[in-house]
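Single-structure report; data block below.
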């Protein structure tokens, strides 16, 4: 039985999250075997869509790793579909105000807390003994609006106060873009680091999780130390590309 | 226009070959951008078949990297298909005697040198100005029987003397298996290293190429120094898995 | 030539509708051969997207069975796409007021009745002799908003009065959810059955069709007796899962 | 390195654009080899979705042909996805007023000109030496709202005055539909031709491009003579179907 | 119900056969609508494998066009698979002697005439009323060895005398290759035309069909006049590529 | 960690085996959840190939159900591929003599017992703690030649005496065909039942398993009582088709 991400989180310790940008069931299986605490299929910027996400979910399923999905935009149709397919968390880009956060929660939760439509397919098997999936998932699913603009930072408290928001996921490069900074990961710009600190503080004050996308393991470790509860390191695509470039370079160098 | 591997080789220097085990066009594109001199789609032990090979060929096509294929077995149908799709070289497993090597050559070359059937599809575009593909490919395609058993080692000279054989590709783990050794890459066992040396010597004596599959960049560099003209480092799958495990470990360690 | 669902309906008698949740062309072909009067590809809760829907349409095409699609949400892009691919009916979830129903009609019909954009691909072949598809489809396509919340029940008459609405499709589990009842099929709760009766009455008064999703053949038969003109029984996924569990149990029992 | 469409256009001369309605990487490769100046994957009316678009992009990538995409509707999620995958231009249907045009620009451009979210995947490789993709693409991407209703014609100047609009693409059959005319290509109706003339005049006055979808090479040539800078001829599907019907007819006739 | 090719042939007149090299269900549907008497999926030189063949069979199924398959080589596994999927005829390359022809027949026919293994999947539905598929298919399936080498020409009578051979299919370019001539279609070389004449004569003498692959409709018409009962014109790929090049050229010329 | 079929069998009790003819990862997941002791992907008569088998393996992987594959024919390439992908057993059709059985064993086992080539991909993860996959799989893999002709029955003892043969799988319809009987499942013909009895006796005498394909749960239960250790009931395709026909009939009957 696949455990939810919240169950993993309840065990304590930060979540080291893997990122699936490649539409490959076998790639997902390889990633799942590598020891990530959770895996996120990126339907926004990854080379992914609903169908490839399902394949990735299946590819990773033997590992029991909790799966999340980043949706391309705040559109109820796709939010319902990723949940029906078995996502235990939804990362949604460009949530810049409380109204959007509330719409995201509404799309993620069943009545009476939200308006999610009933009809899980793969997820129907994710109930607990004696408890159908529909009776547990409102408590288990992690709703993660992305904080990735200066506008969202200004509305941070309002967004976090929306009932049902389970944390936030920071998109550092879009945040930088919106501040007029270069859109790069692992920035040392104090304005970025200051925004990170504010997110950590605001989420910890509410007992919810803060996640952030990092470019390197070292920066991810720093972010954990800073208080982030969920860190992502690059993606399958960046890991593969980096390892391949490195291998070629090492042979040529010798 | 995609150049053949032989054209690359004519420029001198060893070929650093990438290995595609993942059935992913996007993965192939990422690999192609990493700077390998050639890429081989592994239809034998990779999670690949004809259809995924074509997708990998397309995914890598913008790079102009010469593509090879390892076929699952010495069967004329699939040899013709990988060539029609644009492979500039064919690696064939378990060629243990001259008769098999001759059958491989026959499947790879058009009349009068062989019996390959006419009908290139993607490859039809790989002709040179004024020279249709069919008029050049017999000179350009690289026929690489695998030397991967003690039996094949015993028949090495016979195999290499078969007209049309363009070199050999050593499968170190099957070779080890057949010698009663553990089937591991980058073995330091002197019996393996001695076999490597004999392959290098025999191919250099005939002015043809020796290739070998390696597990690490360092060993690949050693093999080049030993005289191998084509070295493979792991595979996309092993590179991804290794990079992912490493990233997780580095975050946890911090 | 594939007949539309309306043509089938004109022949009288209830429509026994099959439901395609599995993204499988061959599965669709097997379902099409089983004798359903129509088949619906479920892009909302099924493991389906546009691409798999097309495959299902092709898989079922030899049977001539009229195909419908349930879209994931009321979004004009996907409504147009399912119609262009050959759907003769569109089931749209969560239509809770007349404004939404009007938007759905607008997306389903060509000018001057709606704003559907021209460009059928598979459907272009579905014209009648001397009558291009575009000239007949406004009369043939079945626009079916889903009635699946208490809100929608309250607005039932308004929704049905929207010109172009060809009937409704009741989603019993979401309807139950919205009423604070367990989200199960084939409920005997009088509040649900009463809602069904109101839907039948309101549609019959207008000469349009009422459809309902059922969990079992027996309940479907009861719904026909109650006045529903279109009944669905489970889905390919539930039929396969049930038959497999049953087969295993019967062997073990013996 | 793949050049953008704007780079091609800077070289002068009209753009002869091919249209990809078939979800086929190999079909895209065949089209790319046929000499079109650009190729557009049609996610609206083609049998295409995001995933098949990526396959078509990969299939055509060896040719270096600039790729465009027509999105199914004005929805920011899919606009970002086609750009991340490497589209150098976005054709968006049913842009009927300046507000929609502005929303389209906002979805297509990075800050500070728009709100496109950062995270190119395939496109990340499309930077120029020393200039990351993100630093050049706002200048290179072609934003093409479709003018295909009488409403849009009435708002033409307002639409064209929206900063960031790089031209328009005329959809002649929807335009005809909205005027109460038959939805056919290459119409000789003076109302259609008059609308075309107005589009050409208004775009030329602003130094931006006007594109139009044609049914035949002859009409496309006339449109170039009329002042259109980008013309499409049918689609892969219509070309294949026409050539096949013609071949059969010619054999039967003999 | 899909009719077999033999049923079509019984109606008299030559068979104008379309050729599917593109792995596209939609492409197959477009081809099926173009009026070919039969369609052949080419698993040898086409960009096809078993899976894409099934998709093409499904794509074409609504038309009722009898489907054939050319297998990659004379291997019983794939012969059985194409038949199980619904092929009414098998074209097999490089049948150069009677022994190979007999092996092909054995793979194509059920006992007692052959050794085909029982287990049709799609084809199980192709029985006639009261007659299961297995009871009719030995009489209906068309076994077509390819005559495409000088060796095969020398053994022509022996091949044709093998019981169960339903005709032959001439591969003109391989035949030319084996004769030391350029591997081109529609050759006017008298040695090729003479071989054609001998094939026609030998098949007509036995009341079986002769087929030939042609490059153009005009040559196909000539071949019918010469006595061929089945002619193929190019392929979907060549038709698409030709139509696209022609369209571009015609716009540029204007 | 996925257990092998032999491990399941060691626990005692018959194996109730499910059969996957549909190329659907989701279908495989649904089947895996239904409680079968093992699942076999049928690459011979199913609508399956290597690629769809991998998808089915992934779809079923979360259940831990041991997976088998039936290969299309006795060809070493595909035997190695299904094992590399994670099959714990290989069913091979038409093994009619000891020589074929020996060739099958050779293809299934690593040296020194066989000639399987090293390079597991998915299966590499199936080792036990401290024991790589290659060191255990020769003992774990189940080699199952099919007994499905009168010829094979005559050679039964010879086949079973081949070292490495782990049992047999009876194909009742081909067996019937070869005896001149109708090719139907669950035959009551005494010649068939007698052959079954001989297979059970001969395998039990050697302590190896006898498997048989059945058409219904009742017949499967009888076969268990007769002494078969592994029984298959129909297939996903026959279960789905039967359940669908039954559902339609029950609604119509009411």
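For reference, chains read A, B, C, D, E and F in written order, and residue numbers begin at 1 within each chain.
In the analysis below, a residue touches a chain if its C-beta (ideal position, glycine included) is under 8 Å from a C-beta of that chain, and two chains touch if they have at least 3 such contacts.
In this text, all values refer to a predicted model and were calculated from it rather than measured experimentally.
Peer 1: State the smallest step count from chain B to chain C, taking one step as a move to a touching chain.
Peer 2: Step count on the best path from chain B to chain C: 2.
Peer 1: So which chains count as neighbours of both chain A and chain E?
Peer 2: Chains that touch both chain A and chain E, as defined above, are B, C, D, F.
Peer 1: Could you classify the chain B-chain E contact as same or different, where same means more than half of all interface residue numbers appear on both copies?
Peer 2: Mostly different residues.
Peer 1: Just give me the whole-number Å value for how far the CA centre of chain A lies from that of chain B.
Peer 2: It comes to 39 Å between the two C-alpha centres.
Peer 1: Where the CA atoms of chain E average out and where those of chain F average out, how many Å apart are those spots?
Peer 2: Each chain's C-alpha centroid was found; their separation is 34 Å.
Peer 1: Which chain B residues touch at least two other chains?
Peer 2: Touching at least two other chains: 23, 26, 33, 47, 49, 51, 54, 75, 78, 121-122, 237.
Peer 1: How are the chains arranged in terms of who touches whom: line, ring, star, complete or other?
Peer 2: Drawn as a graph, the chains match no named shape, so other.
Peer 1: By the document's touch rule, what are all the touching chain pairs in this structure?
Peer 2: Touch list across chains, by label: A-B, A-C, A-D, A-F, B-D, B-E, B-F, C-D, C-E, C-F, D-E, E-F.
Peer 1: Enumerate the contact residues on chain E facing chain F in the complex.
Peer 2: Touching chain F: residues 49-51, 54, 75-78, 80-81, 84-85, 110-112, 115, 117-122, 134 of chain E.
Peer 1: In the complex of these two chains, what residues of chain A are touching chain B?
Peer 2: Answer in residue numbers: 16, 18, 22-24, 26-27, 30-31, 33-36, 47, 217-218, 220-222, 224-225, 231, 233-234, 236-237, 239-254.
Peer 1: Spell out the part of chain C that touches chain A in their complex, as residue ranges.
Peer 2: 21, 23, 44-47, 49, 51-52, 71-73, 75, 78, 93-94, 148, 171, 173-174, 177-178, 180, 183, 237
Peer 1: Considering the complex alone, what residue numbers of chain B touch chain D?
Peer 2: Per the touch definition, chain B meets chain D at residues 2, 25-26, 29, 33, 54-55, 58-59, 61-62, 64, 121-122, 125.
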